[in-house]
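So, here come the structures, one by one.
What follows is subunit A paired twice: with subunit B in the first complex and subunit C in the second.
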Partner chain A sequence: MPTSTNTAFTKQNRQSAAHVAVDYLQSVLGDRLLCKQQTVDSIPTLWFSRESIIQALTILRNESFAGARFEMLLDLTAIDERARINRQEQPESDFTVVYHLMSFSGNADLRLKVPLHDSDLRTPTTCDLWPNANWYEREVWDMFGIRFDGHPNLYRLVLPPTWKGHALRKEHPARATEMEPFALNDEQTDVEQEALKFKPEEWGMKRASDDSEFMFLNLGPNHPSVHGAFRIAVQLDGEILVDAVPDIGYHHRGAEKMGERQSWHTFIPYTDRIDYLGGVMNNLPYVMAVEKMAGIEVPERVKVIRVMLSEMFRICSHLLFYGTFAQDVGQLSPIFYMFVERERIFNIIESICGARMHPGWFRIGGVAQDLPKGWDTRIRELLEFMPPRLDEYDSMVMNNGILKRRTQGVGAYTTQEAFDWGVTGAGLRATGLEWDMRKQRPYSGYENFEFDVPIAANGDCYDRCAVRVEEMRQSLRIIKQCVDNMPSGDYKSSHPLTTPPRKENTMQDIETLINHFLNVSWGPVIPPNEVSMSIEATKGINSYYLISDGSTTSYRTRIRTPSFAHLQMIPAISRGFMVSDLIAIIASIDFVMADVDR
Partner chain B sequence: MNWSLEAADQAKAPQRGNDDLDKLVRQNVMMVTLEDMIAWGRKNSLWPFNFGLSCCYVEMATAITSRHDVARFGSEVIRGTPRQADMIIIAGTVFRKMAPVVKQLYDQLLEPKWVISMGSCANSGGMYDIYSVVQGVDKFLPVDVYVSGCPPRPEALLQGLMLLQESIGKQRRPLSWVINEQGIIQREENDVQRVIRGPERIAATELRSPDEV
Partner chain C sequence: MNWEVGSGLNIASVLIVVIVIAAMLIWVERRLLGFWQDRLGPNRVGPFGLLQVVADMIKIFTKEDWVPPFSDRFSFVLAPGIIMIVILMSFSVIPFAPGVGVINSNIAVLFVLAMASLGAYSVMLGGLSSNNKYALLGSLRAAAQMVSYEVFMGISLLGVVALAGSFNLREIVVAQENGWFIVPQFVGFVIFLIAGVAESHRLPFDIPEAEQEICAGYHTEYSGMKFGMFFVGEYLGLVLISSLITVLFFGGWHGPLLPPIVWFVIKAAIFIAFFILLRAAIPRPRYDQLMTYGWLFLLPLSLLNLLITGALILL
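Coming up: the complex of A and B.
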């Protein structure tokens, strides 16, 4: 596995690409720039009207700034601003569309916003600039009812086609118990099923070519190889895949709406269930984002505990991927071996956190408890036990001739294509780009650890798997460093917004007691601001974009998940292959439906 | 049914004039009513449908793999189609968009069929009282066993499976088509585990401290 030396971008460099871009935009479109907004995450945020947004985005997409380009549309979402109180110096807006661009060459971020008014909710599409804008725009239409002019197929993406209303609008009910009780009679089942029927014409698909009639195959939403409630409709010419339409939304748990209802603290368990294989690693971007808004610095010990547990979950998630990947291309036994390690890791996690899959153990300003006595014994055993097993899996899976022939050269894409589709994580590194958030933008103390970023060259199914296998070894390295160098100290910050607050600070006088009571019963009040925090999650870049309006709950919680982007790419990389290759491609992506639909 | 086993290397050949013959008969011949035997067979060969919705499915898969090994309970034959399965485990959150699909899959299971609702979401919506989630799969399916947890441990699923097996073992069904009354003797209503195990749990005086592994 080739690992080149890290070409670290300094923080200065990172700001410079963004600042050059901002200066350039100001000089070219100065009169049309509505506002420059300040946010606590220091990502430059520019407001443009919908008439000039395409021009601004085109410049950012095509021009070079201090040698860097903004290659990726990391996220596209919207905010319902109608109930927001703290909007100092921002242009008037009922609904705001937000574009989050990311530059890999310059390691920089840029946020662009477009204000829209209730009476006329439309803005031009950006599908021509970034193909991955397609789903993001459909999602915004589905959730907010904002139209994107020129979009090729602006249908609902997440909610059922029969849904009434737009769920992330403030007037839409959040609770199922606020709505009409759910009932499902035969007649209604038929209506819903009819609505879900795949109609090729809607997608511009022909039923026949000049010399053959196409077959349409429906895979899912319950199919053994699609890893959850995911559906893909496939257009076939004989056995050759002509086109495919992924259909998602069968796993939409309304996590973003939930964020507007739960307090900052009580939302933590919901983050666990976003990428449900990533466990506490999901807590990390969320609590770090809140900490940034609150101005909390966490102790070193907290950082190392968080890194250690996150890396354990990375191994867990990769093992599940590894096993199911082998299973999907025909090897039934590896998964039975790999679950042995998973059980060992779950034993450790359980001994520390008290739960297996969803401990929800990180807190705003710390972790839930200190490490128990003797916490390191089982981890050291794992560090001994696992490396030879990984070598064994190499000979069992990675060197297996059938697996190689089924996955090498299948579903390959280039780094540029990965940028176009918003692919991050192992899928991006498999194309040869050495990009890992933990190295490029170290968070939670990753800069103190020695580890390599594995990459591969071909960007095919086999390489995506190979990168993850190597990542498990690197995670073990990181865990070893955590165990050997666990700092002493507190498991919680002493900041007043730390939740739950420190007990010893409460018993002083009536004032501290009241504060403690409010912080525990209502939760902390986070000062109004906007923040975006990204981490290298198990499947790619997971990012939380939080808006606080100065209350005990979030005003808007946007969760940018890697799997959402990755699924959208399936048709582009599977055309011309056979159905059996499609299964290998789906397996190699490593997605979780909760990470797609949220 | 009354039967016993003994280790193969210790088994003796039957001798004339003592009760060995009795034993031999007992080992090889089973006197049973056909109804009882079918109930016994049903109980010990529950084939689950390969169906999963979310997080719980991962723990269900864990129950199938090596450490927990659901094969010990005769339930490892995962079927890819509902038409070959006896049981569906609703492992995960039931979404509004998914509900008609779940309904159709359930309808395709052949009688007799059973439903295990696994995890808080399938039981009641759990922590997801949200617009896109059905508040419990029992809003449109009859559930036989509820397994609590978020997600339940694999052991909890196995316990749920054993409870279901126990109740299936008590069910009696007609052996061919009957007109009018189906003659199905349903299991009696069980108390929830909270009631059955409550006193024992409350009686616990020493709880392990979380400070130690």
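Coming up: the complex of A and C.
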């Protein structure tokens, strides 16, 4: 496995590509640039009218800025601005469409916004520029009711096709108790079932070719290999896959809507359940985003504890992937062996956090508790125990001839295709691009750790697995460095917005007492701002885009998850393969449905 | 009542013992898989979980016997019966020990192969009559796989037949008194083993019922006792293939000290355990890979084996 340790881009580099791009856009489209917004995450944010947004996006995608391109549409979402108070200096807008572009060559981000008015909620589609805009735009239509002109199939994506209203609009109820009690009589059941029926014509599919009739197979929502509730309608010619339409939303729980109801603090456990295999790693981008808005600097010890637990969850998640990957190509046993390590890691996590899969243990400004006494004993045991077993799994799974024949050359894509579809994480590194957020944009002190970024060359199912296997070894390296160099100090920042706040001085002075009382009863009030924070999660780039309107809850919580983008790519990489290959491809993607539907 | 090949008592004992063993194999397989996979397997019902089989049987017998309204009722009901009947019929020609067996047939080898061919109908009919897309895919795969692997199975046996000079399984065993056929017919043995796994469609060749791909394949729509018959049929097939390997390549009942029947059981049990281990160890090839492997590798190899065996006998 080729690995290398090249130095991280400096912050100057990052900003330069973005600034060159902003300057260029200003010179070309200067008169049409509505506003340059300042945000605390220092990602340049430009406002364009919908008439010129496509032009701006086309320039950003196709031109080179200081040798860098904006290759990926990392996220596309919207904001319902109608109830927002603190948006001075921003153009008037009822709904705002937000494009988050990412440059890998220049390691830079750019945010573009389009203001829309209630009376005319439409904007042109960007599907022609980035194929992955398709699902994002469908989601925005589904959640906000914004139409994208020229979109090939602007149907609801996450909510059921029969849903009334658009869930992320401020007037849409957020709780079941605000709605009519739910009932499903026979008649309605028929309507709902009919609505879910797959109609090939809607997706531009033919029912027969010149010489054969196609079979349409409904794979899911419940199927042994879709890892949750996920449906793919496949068009088959014999066993050959002609086309496929993934259908998501069966695991949708409205996490983003909940973010607008829960206080900044009480939303943390919800994040655990987004990528439910990632555990506390899900807390990380969220609490870091809030900390950035609040201006909290966390102590070194907190950073290292966070890194250590996140890496343990990365191993857990990869182990489960590894086992199910082998199982999906028919190898029954590895998963049982891998659960032994998984169990050990969960025991460690339990002894530190008190819970296993969803500890919800990170806090704004710190972690929930200090490490218990003797916390490192079991971790050191794990560090001894695991590496030889990983080697054994290599000979069992990765070196198995049948598995190689089933997965090599299957579902391959290039780095460029990965950019087009918004693929991040191991799926991107398997194509040969050495890009890891932990290296390129170190957060939570990752710059202090020594580790390699494993890559592969072919971008096929086998390589995606190989990259993750190697990542587990690197995670062990990081954990070892955490154990050996755990700094002493506080497990919580002394910043007043730290939640729950420190209690030591509450009986000494009234300011601290008031602050403690308010933060515990209401929760912290975060100053109005916008921030986006990305991390290298277990499955790719997980990013939280938070907007605070200066209250105890978030005004908008946007969760950009890696699995969402990866699932969208399935038809593109599985056409022409057989049903068995489709299963291998699905297994190699490593997704969890909660991470897709949120 | 007398005890000789073909006597009533003999037939009844063989039938009962074979079915009981097949049912017990459900427990054996689960315990062995558990052992190999670092877990326990069923250990709650009775001593060592031995009564798990009884519990399973009670469950399967009392389950609603549902025939899907969209299926073709007649063939849907017929299919699971076929597999039970043809495999039990095959057991009639197996020489378990001197004096133990149902028929002493001169065309035993051909009879077994014929029954195996009929067994394919069960899987095909089951899948087609279910009127379910997964079942259809399963039975398509089954048809291709079983029909192909029958060919290699047959050819791989011919070496043994040529060496023994007989199609009679009893005579084949007798011919191995001074040396098992595994030695001269090693290639034949390997091909027969692979074809045997494919014929009994167990992992790694469980392509017609690949759970991760097509749910349960041809028996997706089956439940209750009809599913039970497919299930036990699979284990009967496993016992049959192991018995055949014992008879054809490992000298059947021959062995020192212990009584012949014990030797037979030991040898067959080793192969059964081997097949279970195979299931625990190996992933599943793709259906077209299995076909290519069969026709482009196993077929020439088995023909070559037959050719060389023939040439050596003539010399």
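One rule holds for everything that comes next: the second predicted complex is superposed on the first by the 593 of 598 C-alpha atoms of A that agree within 3 Å, B and C clash if a C-alpha of one lies under 4 Å from a C-alpha of the other, contacts with A are read in each partner's own complex, and residues count from 1 in each chain.
One rule holds in what follows: contacts are C-beta pairs under 8 Å (C-beta built on N, C-alpha and C of every residue); 3 or more make two chains touch, one makes a residue touch a chain.
All values derive from a computational prediction rather than experimental measurement.
Peer 1: For A:K492, select first, second, both or neither according to whether it touches subunit B, subunit C, the two together, or no partner.
Peer 2: Touch partners of A:K492: none, neither subunit B nor subunit C.
Peer 1: After lining up the shared chain so the two structures overlap, which partner does A:P224 touch, if you call subunit B first and subunit C second: first, second, both or neither?
Peer 2: Both partners.
Peer 1: With the two complexes superposed on chain A, say which partner A:P372 touches: subunit B (first), subunit C (second), both, or neither.
Peer 2: A:P372 sits against subunit B, while subunit C stays out of touch.
Peer 1: Go through the superposed model and pick first if A:V340 touches only subunit B, second if only subunit C, both, or neither.
Peer 2: Both partners.
Peer 1: Pick one for A:M578: touches subunit B only (first), subunit C only (second), both, or neither.
Peer 2: A:M578 sits against subunit C, while subunit B stays out of touch.
Peer 1: Once the shared chain is lined up, is A:Q193 touching subunit B (first), subunit C (second), both, or neither of them?
Peer 2: first
Peer 1: Touching A:R253, do we find subunit B (first), subunit C (second), both, or neither?
Peer 2: first
Peer 1: Let me test your reading of the model: by the given contact rule, A:E239 touches which partner, first (subunit B), second (subunit C), both or neither?
Peer 2: A:E239: touches subunit C, not subunit B.
Peer 1: Which chain makes contact with more of the residues of subunit A, subunit B or else subunit C?
Peer 2: On the superposition, B touches more of the residues of subunit A.
Peer 1: For subunit A, what residues appear in both contact lists, the one with subunit B and the one with subunit C?
Peer 2: Looking at subunit A, the two contact sets intersect at 224, 336-337, 340.
Peer 1: Residue numbers of subunit C touching subunit A in their complex, please.
Peer 2: Checking each residue of subunit C against subunit A gives 33, 36-39, 133-134, 136-137, 140-141, 203-204, 206, 210-215, 279-289.
Peer 1: State the interface residues of subunit A toward subunit B in the complex, per the touch definition above.
Peer 2: Within the complex, subunit A contacts subunit B at residues 159-160, 167, 172-177, 179, 181-184, 188-189, 192-193, 196, 221-222, 224, 228-229, 249-254, 257-258, 269-270, 273, 276-277, 320, 335-337, 339-340, 342-343, 351, 354, 356-358, 369, 372-375, 377-378, 593-594.
Peer 1: Given the complex with subunit A, which residues does subunit B contribute to the contact?
Peer 2: It is residues 50-55, 57-59, 61-62, 65-67, 80, 93, 95-101, 103-105, 125, 127-135, 139-140, 150-151, 153, 210-213 of subunit B that touch subunit A.
Peer 1: Quick check: in the complex, which residue numbers of subunit A touch subunit C?
Peer 2: Residue positions touching the partner: 215, 217-218, 223-225, 239, 326-333, 336-337, 340, 400, 402-403, 405-406, 578-581, 583.
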